[in-house]
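Each of the next two complexes has chain A plus one other chain: chain B in the first, chain C in the second.
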Partner chain A sequence: MSPRELVGRVGFYVLIAVITAFMALPVLWLLLAPFDRTPTLTTSLPEWTWQNFAGLLDNPYALASLGNSVLLALGSMVVVTVLGALAAYALSRVRIPGRDGLLYALLLLSSIVTGTAAMVPIFLLMFELNLIDSQLGVVLVLSGGLLPAAIFILKDFMDATPRSYEESARVFGAGPLQILRDIVLPVVRPGIATIAVWTVVNVWGNFLTPFILLRSPDKSPAAVVLYTFYTEGGQADLGLISAFSLLYSIPVVAMYVFVNRRYGFRFHGGIKR
Partner chain B sequence: MADIELRRLVKEYPGGVRAVDGLDLTIADGEFFALLGPSGCGKTTLLRSIAGLETVTGGHILIGGRDVTGLAPGARDIAMVFQDYALFPHMTVRDNIAYPLRIRKMGRPERHAKAEETAEGLSLGGLLDRRPGQLSGGQQQRAALARAVACHPKVFLFDEPLSNLDARLRLEARTFLKRLQRDLGVTTVFVTHDQAEALAMSDRMAVMDAGRIRQIGTPTEVFQRPASTFVASFIGSTPMNLLDAVADRDTLRVAGTTLPLPAAAGPHVRDGEKLVFAARPEYMTLHREAEPTGIEGVVAIVENMGVGSLVSLEVPGGADGARIVQVTVPEGQEPEIGSRGWAVAAPERVLLYRHDDGELVGSERAGAGEPVLAGAGD
Partner chain C sequence: MALTTSPPADLAPAREAATDAAGLGRVRASAFVVPALVLIAIFLVYPALWTLYLGLTNYRLTGIAAARPQFVGLDNYVRALRDPEFLNSLWLTLLYVIGSAVIGQSILGFVLAATLRTVPRVVRGVVEAFVMLAWILPSSVVAFLWIALLDRDSGTVNALLGTPGMAWLLEYPMLSIIVFNTWRGTAFSMLLFSAALNAVPPSQLETARMVGASGWQQLRDVVFPHIRGHVLTNLLLISLWTFNDFAPYLITAGGPDNRSEILPVFVYESAIFDGQLGFGTAISLLMLLINLVLAVVYLRLLRERRS
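Our next item is the complex of A and B:
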């Protein structure tokens, strides 16, 4: 290796190390700050304490909000996977003119539904429907925003399931719902698992929709409650925020690990045979 | 056990394409019946119509005397084996075989016992807990067969049952399938594009083209007396020699040679009529010396076929220059490339077809006055 190459390679690794450190610092902060007696925005070895977590227990909304987050996430997950699977199956099997155009249009427009731009009309719509300050309303809005992409991905899985599976079951006398339950759903299970996790993660991290649609603090999910952690002086309460952030991130990471072990993530169809 | 009867069956796709075009067919009880034809001839559509997977546009389908035309596939008492076997990848072999029984609400222990018994009969005994993905191609095929056998249908439908197997396995599976069908005695219809498969396995076969049946008969009949030039060129592992010919009183002028006109064909042929002379390479012999009834040519290609060789003779003449006549020769008698040869057809094996519509003319083996298209379904 020539000296020139050596310098190049060392420089490359130094660059990677700097970028890695830059990325790792916030994570390190998240792991250390919750246990620090006086957490700051810098990352340093903490004076070990549990007082920040004790503080969370004193906060009336902190733990309940995690429950609310679970409620919203699971509710949306059920709506998105059930409706998504049924719609994707139908769209995959029935020929209607302009089907693909419809799907792409839905996909494009869906980013607007949960986006900032449509918040005023959505607020008005929810107001008319009497769904302000209702967790059902939040679930419906979030599901509506996620469904097109879910249908799009699931349809790909359904398309990749050979029709001969269904035809074979039909010849043996199975009805449409039997076929869906016994054959199609088990075959596309990796796709459904992917969509379920993706929905949970999206809803879990969503701030704007519940912030606008929910009024009472006891219904707010964790993302909104996190926003209310101030000291009496109006300063951000870093102790509470860091401890809560840690609790808030654990379920998502755990779920990711579990599902990845169990099903493996795939965003495209296809069957290993 | 049941026979299958198709009456004036029509399947027309939107846009006016007729995949099955007014087809009449009766398949006898216990028969092993082959539907043969090139791709796009409607044979698979016909099979799927019998299964109920396609809704027919007209006509009737009767299975065992019962009109099933309007019935759902599940109510027809049939079992179908698909080209890709359609084994459910998330179920074990046991659950796959037992699935039709589960649909029929048979109890779990009962259907598992039935699945195990059937699997044993098809030598799948040790594989019951495997998933289809862990089976070889031949095992997958047997699992798919076991699933069909376990539900005791009146009719088996096989869609290209052997096409997913490699060549060696295909021969084994052919024998296996034929024996299985014989043992069970269930009326079976199978679709294939491979003429060798149809000849080898079926009791009777139908050759299809463009939604119609071109010929129905036993493999021997179809092989020896193809009803038209289409069937003639489709059947046989070496294609039949088809040469333009002209009738000239009681002789036949073909490729620069004058042959006696087969006596039986005489009454059916007009003087000067354009015909097609047909003879299989297997029914011709190659001579080194001039023969009065031989077609003269130059040896262009010799293909080794294991037992014997296929010799291609280049025959001069015709508007388009040289034509090819193929002859099989026994082992050890291969001619030199470039040498002269005379191909002589066994007179009783020569067939004549009309040039305009390609239909068979009564020939040597047909008695005078016999219908020109004996045994043809169209």
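Our next item is the complex of A and C:
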């Protein structure tokens, strides 16, 4: 290796080290502070303890808010997967006039009408429908936003399943609903699982919609409650914030790892949030 | 055998039957599609269309205008264009999108995609894990991580840089949220560019190297033509997402003195917080239009590439 190449190689690894430090630095606090007896804002090696997690039990909102997050996430997951799968199946199998145009229009719409850009009309709509401070309202709004992309992806999965299974089932006298339940659903299960996880991750992390639509702290999900922990006046309780942040983050990371292991990372174009 | 000999005219109905393999029929198919469409219509389409009307009224949440909102024509729009706070917000949004998405995320993402190809597997795994973590952690969590990182008295950045007492979020609020969003969203560009770089034929790079092309020339003349489509796709998507990003609110709440008040925060402050729903809707409509332009260009691009 010539000196010039050596310098280049060293420079290359310095670059990677700097980028890695930049990416890792903010996260280290999340990994260390929850286990520190006296957590500060500075990232440092902890004096090991579990007491911060025990402290979560004393806070009236912490665990309840995780329950609310589960409720919102599972509620939206059920709505999106059930309605999405039914619609995708019908659109995949029956020729409805203007189908492709409709799908494109919906997909376009869902990327335009984001929770942020449409926060005012959505807030007003929920106000008029008397769905402010209702968890059902949050589930409906979030599901409405996620459905178009869910239908689009599920239709891809449905299109890829062979029709001969359904035809033979029909020959043996199975009805359409039976076929859907016993033949199609098992075959497209990876697609449904992807959509289910994707919905849960989206809803779990969503801050703005519940922040705007929910009023009572005892109905708020973890995203909003965590925010109030560090913005309400007085000294921030770093033990509580760090332990709660970690507990609240684990499910998303776990689901990501699960999907990645099981199905590999799927690249679905403009579909993340 | 019968099929191959029958005239094409008989083929059409046969094929149609084959599409509806489960014997769903149009009526049942519609019953399957309608619930999803109703939900989408009420909670996605209707709010979007409603902004067209609401932006022309003086709708407020409380007071007289709440009971009987009046039609005020284009007043909200005229007011917005004269409002220095709105124009400031528009400018900050442009800085935010260009700084963190167009420059920050795409360059860092490309550098990561290009460099990680040649490093040992373990290094690659570790770096990618942190990049992905930044992307998938919930925004209320990452917002606090950055508040802690940039804290004036005990933030890790001040400890590392030897700048004790520097209040980054107060002195440089825009720079802070731009760096934050670069960190937050780089994963997408990295993933997209690594996929794209796999499509560059190694033989072409080999040839370029043999004729003595420099690294930059290889990048410009060999790599770039192959990934041009990906670069555009990436730019449009990350711009769209960054433009609709509410996370900076969790870090700076638009402050100090509106110095980091990007459009989403501006809409929230004026419509939901101050209750000027008509005015806020007018700004929302503008955001929807910008989203529309970005999304239409993106879909066009996709279609062109497919055909």
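Here, the second predicted complex is superposed on the first by the 226 of 273 C-alpha atoms of A that agree within 3 Å, B and C clash if a C-alpha of one lies under 4 Å from a C-alpha of the other, contacts with A are read in each partner's own complex, and residues count from 1 in each chain.
To be clear about the criterion, a contact is a pair of C-beta atoms (placed from the backbone, for glycine too) under 8 Å apart; a residue touches a chain by one contact, two chains touch by 3 or more.
Keep in mind it's a predicted model, so treat the numbers as computed, not measured.
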Looking at the overlay, does A:D182 come into contact with chain B only (first), chain C only (second), both, or neither?
first
Check whether A:Y256 is in contact with chain B, with chain C, with both or with neither, and answer first, second, both or neither.
second
Which partner, chain B or chain C, touches more chain A residues:
C
Identify the partner contact of A:L103: answer first if only chain B is touched, second if only chain C is, both if each is, neither if none is.
neither
In the superposed arrangement, does A:L247 touch chain B (first), chain C (second), both or neither?
neither
Using the touch definition from the top, say if A:L63 reaches chain B (first), chain C (second), both or neither.
neither
I'd like to know which partner A:E167 touches here: chain B for first, chain C for second, both or neither.
both
Contact residues of chain A, present in both the chain B and the chain C interface:
164, 167, 169-170, 272-273
Interface with chain B, chain A side, in the complex: residues 162, 164-165, 167-174, 178, 182-183, 186-187, 189, 271-273
In the complex, go through chain A and note every residue touching chain C.
12, 15-16, 19-20, 22-30, 40-43, 79, 83-84, 86-87, 89-91, 93-96, 104, 106-125, 127, 140-141, 143-145, 147-148, 151, 163-164, 166-167, 169-170, 176, 179-180, 184, 201, 204-205, 207-208, 212, 222-224, 226-227, 230, 241, 245, 248-249, 252-253, 256, 265, 267, 269-270, 272-273
Given the complex with chain A, which residues does chain B contribute to the contact?
51-53, 72-75, 78-80, 82-84, 86, 88-91, 99-100, 103-104, 132-133, 151
Mind listing the chain C positions that touch chain A in their complex?
16, 18-26, 28-30, 32-33, 35-37, 39-40, 42-48, 50-51, 54, 59, 61, 108, 111-112, 115-116, 119, 123, 126-127, 130-134, 136-149, 151, 153-157, 159, 183, 186, 188, 191-192, 195, 233, 237, 240-241, 244-247, 250, 264, 267-268, 271-272, 277, 280-281, 284, 287-288, 291-292, 295-296, 298-299, 302
